[in-house]
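There are two complexes below, and they share subunit A, which is joined by subunit B in the first and by subunit C in the second.
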Partner chain A sequence: MTTFITSVISGLGTGAVYGLLAVSFVIIFRATGVLNFAQPGLLIIGVFFCSYFAVTQGLPFYVSVVLAMLVAALVGIVSERVAIRPMVGRPVFAAALVTVGLFTILLIVAFRLFDSAARTINDPWQLEQVCLLASDTGCAIPVYHNTIARFVISMVVLGLLGWWLSRSRIGLAMRATSLDQEAALAQGIDVGRVFSLSWAIGGALAALAGILLAANGSVVQATDALFALVALPALILGGIDSLKGAVVGGLLIGLISSITSTYQPIYAPWLGPNFENVVPYLVMILVLLIRPYGLYGTKEVQRV
Partner chain B sequence: MRKPRPISRAVALAAAGALVLAGCTAVDESGDGDTADGTETSATDEIQIGDGVTEEPCPEAVNPDTGCIYLGVLSDLTEGPFAALAVPIVDGQRAYWEQVNADGGIAGYEVDIDTYTRDTKYQAAEHAAAYQQIEPNILALAQTLGTVNTEAILPDMDAADIVGAPASWWSGYAFEENDFGLILENGYSYCTEAIVGLDWFAENHTAPESVAAVGYPGDYGGDSAAGVEKWAEANGIAAENVTVVPTGPNQVTGNQDAVVSAITEADPDVVVLAVGPAENAEIVGKLAAGGFTGRFMGSLPTWNPALLDSAAAPALTALYNHMSIGEQWDGESEGLAAMKETLDAPPPNGGYLIGWLMSYPMHAVLEQAAENGDLTRAGVRAAVPEVEVDYQGMSTNQSYNGNGKDIAVSAIKVFEPNAENPLGVVSLGDFFEGPTWDQVDYDQACVSTS
Partner chain C sequence: MTTATEPDASPGTADAVAREAQGLERLTGYSRSLRSSEGGGTVPGAARRGRPRLVTAYAKDQALLNTPAKRWWTIAALVVALLAPFYLTRDLTLLLSMAMVFAISGIGLNLLTGYAGQISLGHPFFMALGAYTAAVLGGSPGSTTWGFELDLAIALPIAALVPAVVGLLVAPLAVRVRGLYLAVLTLGLLMLGEQIFKQWSQLTGGSGVGRGVALPVLFGRDLSVRYALGPWIIDEDISLYLICLALLVALGVMARNIARSRTGRAFAAVRDRDIAAEIMGVNLLRTKTLAFVLSSAYAGLAGALMSLLVGRIVPEQWNIFLSIQLLAVVVIGGVATITGTIIGAAFVVLLPRILEELAPYLPFIGGATGGGIITIFQLETILFGALIILFLTLEPRGLFGLWYRVRTYFKAWPFSY
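And then the complex of A and B:
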């Protein structure tokens, strides 16, 4: 039982970060209709600047996090203005392909910034842990501070974001734009500004997710950008246009992966090593077959 | 196309003089002419050249009177998972060949590895495509990064007689059935590393009664885990005391908590790690924080000096030993001294040293081919079994004439973390060879790559 609880706690920590990432995808998708494959690039650039501010410049960690999120937001705005805005009116598929190119560019920039080195981010949690349940040999259920931080910070940020989007005029404008861009324009909404804002929020959230991932007592490298792509199954599971679905999907995928990694090697070793990395994609395929719009996504109705 | 060697020219002149004195007419040079395979024949005292070698100088030639040998590089230079290591590897190789060129090149030819360097992003398809693109213009491959990627092009390399130096350390390269005798591996394999590393552990710490292997499945972690299992079997460790925990990089798995749980439960005396640096630090740090009392032996790619800036630094310093194919920054060999002269400051990681070191075998083979008077691809291939690579002390000598234990290197260097040293590690003695190596079977690859 203690193994199960440990696995669940670890899964919730990672799942919360998946949720954060999935929401970053959803925000941009709802505003622009484009699935932004450049999120890994925004994630790793955010992590680099957090390391730069916290380690190279010696700023306090939380200040560094905020500054890094602002940098990622700025990169998001510039990317949208330069690469995506000209695609307005073009097929969504073409715009999605542009984000793939953007991903490559941002990743190459990140590799240049990291300059073949691994970096730390000087987070306050390091390898500290609390013991939820002691045992004769030590601790039966240890919980790392960074796991708690991942879950709490992700949930707080997502809660505040959801509250702001549902109550503010900007949030209303974003929802209106996601429903019908032309109608939103007709109502005086600055759709271009909504696009920029969605990319800024998406970039900042991706940066925060990357920072929380990097806060594991170890080092981070440019290749860790690819972590963002693990959020895609969470996105599909929750529903590609649902903020609530993204959070639930992220937590579920985190839990499923963690529990699989704990028990599959014992009870189903014939499935092979690292099967937990496959499970999210199996879930994604299953969801696409049974409920293509996900748990909370909008069911698309097409006239024929 | 042919280019006389200075020594050969002198010998030819002397021979011609002797023949004249003997009343003969002259040296017969009428044997020159094109052959069916596209190379050009020449007098026996001249070097035969073919694809990938020109009489024209290299684009950045030190001496414009020399010819040029073009070597290809297929590596991970921008966005692939090993770019952080591969970029310094290429830098190290470039520095090595610049030094060779500055010293006069190889028999009147300088070596160029820049013109046909391609970024294959650690993707087999990209690797194969880039190979096809550069193959007509190269004599050999100065680097082919990744076992799976290299395997993707090996049949084509075989057809074209292209010899290559791998930036990977799979045990299968010691067998001609896998590498067609084309691969110039440098140092040991991951499998051998684990076997000899555990001997070192038994001799320098305590004879382990339980062991564990943590790594990425396949030619890296899988090869290392197979070595751990071979060592355990040879040393009478019961199967239930051998734990193998496969894992993946953090960008895929999110964290290494499952590994930490599995190792905590198994509680082995020693864990052999074959993961990335970030995963290494997380595993060692978290296990130490949880009260784990065993130790860790880290494979060649597990180390990065930045780990000593992480929260895991105290745990790594106390519990971790690093294994390598050769010297690190604190080495005192002639080869390392030559390498250091090319640098203003220590490199970001050990990649530069690997790049420098892995260039020795290709250099030796090209020198041998030139000495044989045949710098064609077939000539280079034929020279492979003839060489004994002298790494100038950076690593132990190596040859390629045979299979398995006949040619496999079984000497490792072991280090401990030390923040005072550039690259973050300090050597714990000379190259080490253990007793178990002679007891284990090594007649095929320890693990398949598929």
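And then the complex of A and C:
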């Protein structure tokens, strides 16, 4: 039982980060109608700059997190302006392919920045634990500080973002743009600025998620960028255009892969090592069989 | 009154039956009167005299080689392709063979993504299926891996068949989801496949180890032996090159024929607006499934050929980067063109080699050991990404579109259009 609870708690921690990542996809998708495969690139660039500010420049950790998010937001704005803006009004599949191209470019840039070395981000949590339930042999349910930090920071950021998007004029403009770009334009909304803003938020959230994932007491490498692809099943599971779905999907995927990594080596070792990395895709395929638009996704209504 | 004006409309007469049959024919689209190939006779001979390139029928307009220029250039290209390996070095022959394998795989992906509009990131999964089918059937058994040492004449067709069957099984799922959901679904297929291939060591040799491939024996002849055909010496690499060339030509012509037939028009209708296509009577399930099965078969054959060329296959090589390379072939070559795909494949496969040759003249490229701003591998990956973006934003029809512009300019010369 204690193993199960430990696994659930660490699953909630990573799940919250997956939720954060999935929301970064959703915000870009809702504003621009583009599934951004370049998110892993933005994530790893954010992680690199966090490491650069915190370790190389010696700035305080939280300051460097904010600076890294700003850099990732800037990269997002520039990519959108250069590569995505010309694709307005073209098929979604073409725009998605453009982001695949963007992904390879950003990934190579990250490889150059890391220079094939592993870096640390100097986070304050490292491998420290608190004890949730003591037992006679020591600690029955240890909880890592970084698990708590992941969950709390993700939920606070998501809550603030949701509140801001539902209350502010800019949030209203973003929702209007996602409904109908031309109608929004006719109402005097600067759709181009909404695009830029959504990419900025997407980039910043991806960077934050990457930093939280990297804050596990070990080192981070450029190839860790591919980790962001785990958010894709979470995104599809929740529905590609739903903020709520993204958070629920992220938490679900986090829980499922954490529980799998705890029990699968014991009960089904023939599935092989690292099976928890493919379990999200399996769950996603099963859910898509029943609900082709995910759990909370809007069914596409088409005019012929 | 109406019955009086239609005296032969009473049921039972032979004429009425024939009429009804014709009506049915019209509904199903198979009516002979709708066939355009017989419309050529309506243009009087006097109008056609002295105008050899006047197109008088849809079928003629859609013919594979509809202009003399195309005919001559195709023949010239085939002759050059046939003779090329005898004058090139071994590694260049291998590189060209690899380009042809990418072309076959790219044509398959283009049928699915370019013509039928179903974006797929899972193409390498089907290539892997084909490669392992060929390796198991044609390879020699290892200490842990299977192998039946069959002839390539058996292994290659089955290497196309097995992925096609798997594609058929996956297709109903893929038909249910649309657009971007499908892209992520196929990515999931790729990830699941990689896990399976890593674990199933009797099939694949296991993660990081890999296995040998099919023996190069075709119709009982050992291709690894050197043959002499008149003045020409045929080594193993040249035999493989010729097999790839023959298959590329056959499969390319087949894809072109599919694209300009009823099936191809159904693909395009589904791509452009699937609900409208369904209302017009295109069976969505059948069309999308067919596109999946066809593209999987192409991918399987390409995977089998690729395994023959590289000589050893590991489960890790069928990954998302291969997927991106194949998308680059399709996008850079030209979406929904067969010729373009072949050009794109040649471009994608030959680009690293060209960069390698250029490296000494470009000071910013570092060697394998480092130095310089960027290594060749990184430069080539960045170039792929940049080219995908540039072509999609500036010339969606790819290299073929560029060529098309040049062609149209000279066709209309001296007028601007």
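Criterion: the second predicted complex is superposed on the first by the 299 of 304 C-alpha atoms of A that agree within 3 Å, B and C clash if a C-alpha of one lies under 4 Å from a C-alpha of the other, contacts with A are read in each partner's own complex, and residues count from 1 in each chain.
Keep in mind that, in the parts below, a contact is a pair of C-beta atoms (placed from the backbone, for glycine too) under 8 Å apart; a residue touches a chain by one contact, two chains touch by 3 or more.
Remember, it's a predicted structure, so these values are computed and weren't measured experimentally.
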For this session: Answer with clash or fit: subunit B and subunit C placed together on subunit A by superposition.
Result: clash
Problem set entry | Which of subunit B and subunit C A:I285 touches, first, second, both or neither | second
Exercise. Is A:L179 contacted by the first partner subunit B, the second partner subunit C, both or neither?
Worked result: neither
Problem set entry | First, second, both or neither for A:A222, with subunit B first and subunit C second | first
Exercise. When the two structures are overlaid on chain A, which partner does A:G138 contact: first (subunit B), second (subunit C), both, or neither?
Worked result: first
For this session: Pick one for A:I108: touches subunit B only (first), subunit C only (second), both, or neither.
Result: both
Problem set entry | Which superposed partner A:V63 touches (first subunit B, second subunit C, both, neither) | neither
For this session: Using the superposition on chain A described above, determine whether A:V100 touches subunit B (first), subunit C (second), both, or neither.
Result: second
For this session: Based on the superposed arrangement, let me know which partner A:N277 touches: subunit B (first), subunit C (second), both, or neither?
Result: both
Exercise. Which positions of subunit A sit in both the subunit B and the subunit C interface?
Worked result: 104, 107-108, 111, 226, 272, 274, 277
Exercise. Within the complex, which stretch of subunit A touches subunit C?
Worked result: 35, 83, 86-87, 90-94, 96-98, 100-105, 107-108, 111-112, 226, 229, 232-233, 235-236, 240, 270-272, 274-275, 277-278, 281-282, 284-285, 288-289, 292-294, 300, 302, 304
Exercise. Taking the complex as given, what residues does subunit B use to touch subunit A?
Worked result: 78-85, 87-88, 217, 245-255, 257-258, 261-262, 265, 276-282, 285-286, 288-291, 304, 306-307, 309-312, 315, 348-349, 351
Seminar exercise, completed: Contacts from subunit C onto subunit A in the complex sit at residues 113, 117, 119, 173, 176-181, 183-185, 187-189, 191-192, 194-195, 198-199, 273, 275-276, 279, 320, 324, 327, 331, 373-374, 378, 381-382, 384-389, 392-394, 396
Exercise. For subunit A, which residues count as touching subunit B in their complex?
Worked result: 3, 6-7, 10, 13-14, 17-18, 55, 104, 107-108, 111, 114-120, 126-129, 137-139, 142, 144, 213, 216-227, 230, 254, 257-258, 261-262, 265, 272-274, 276-277
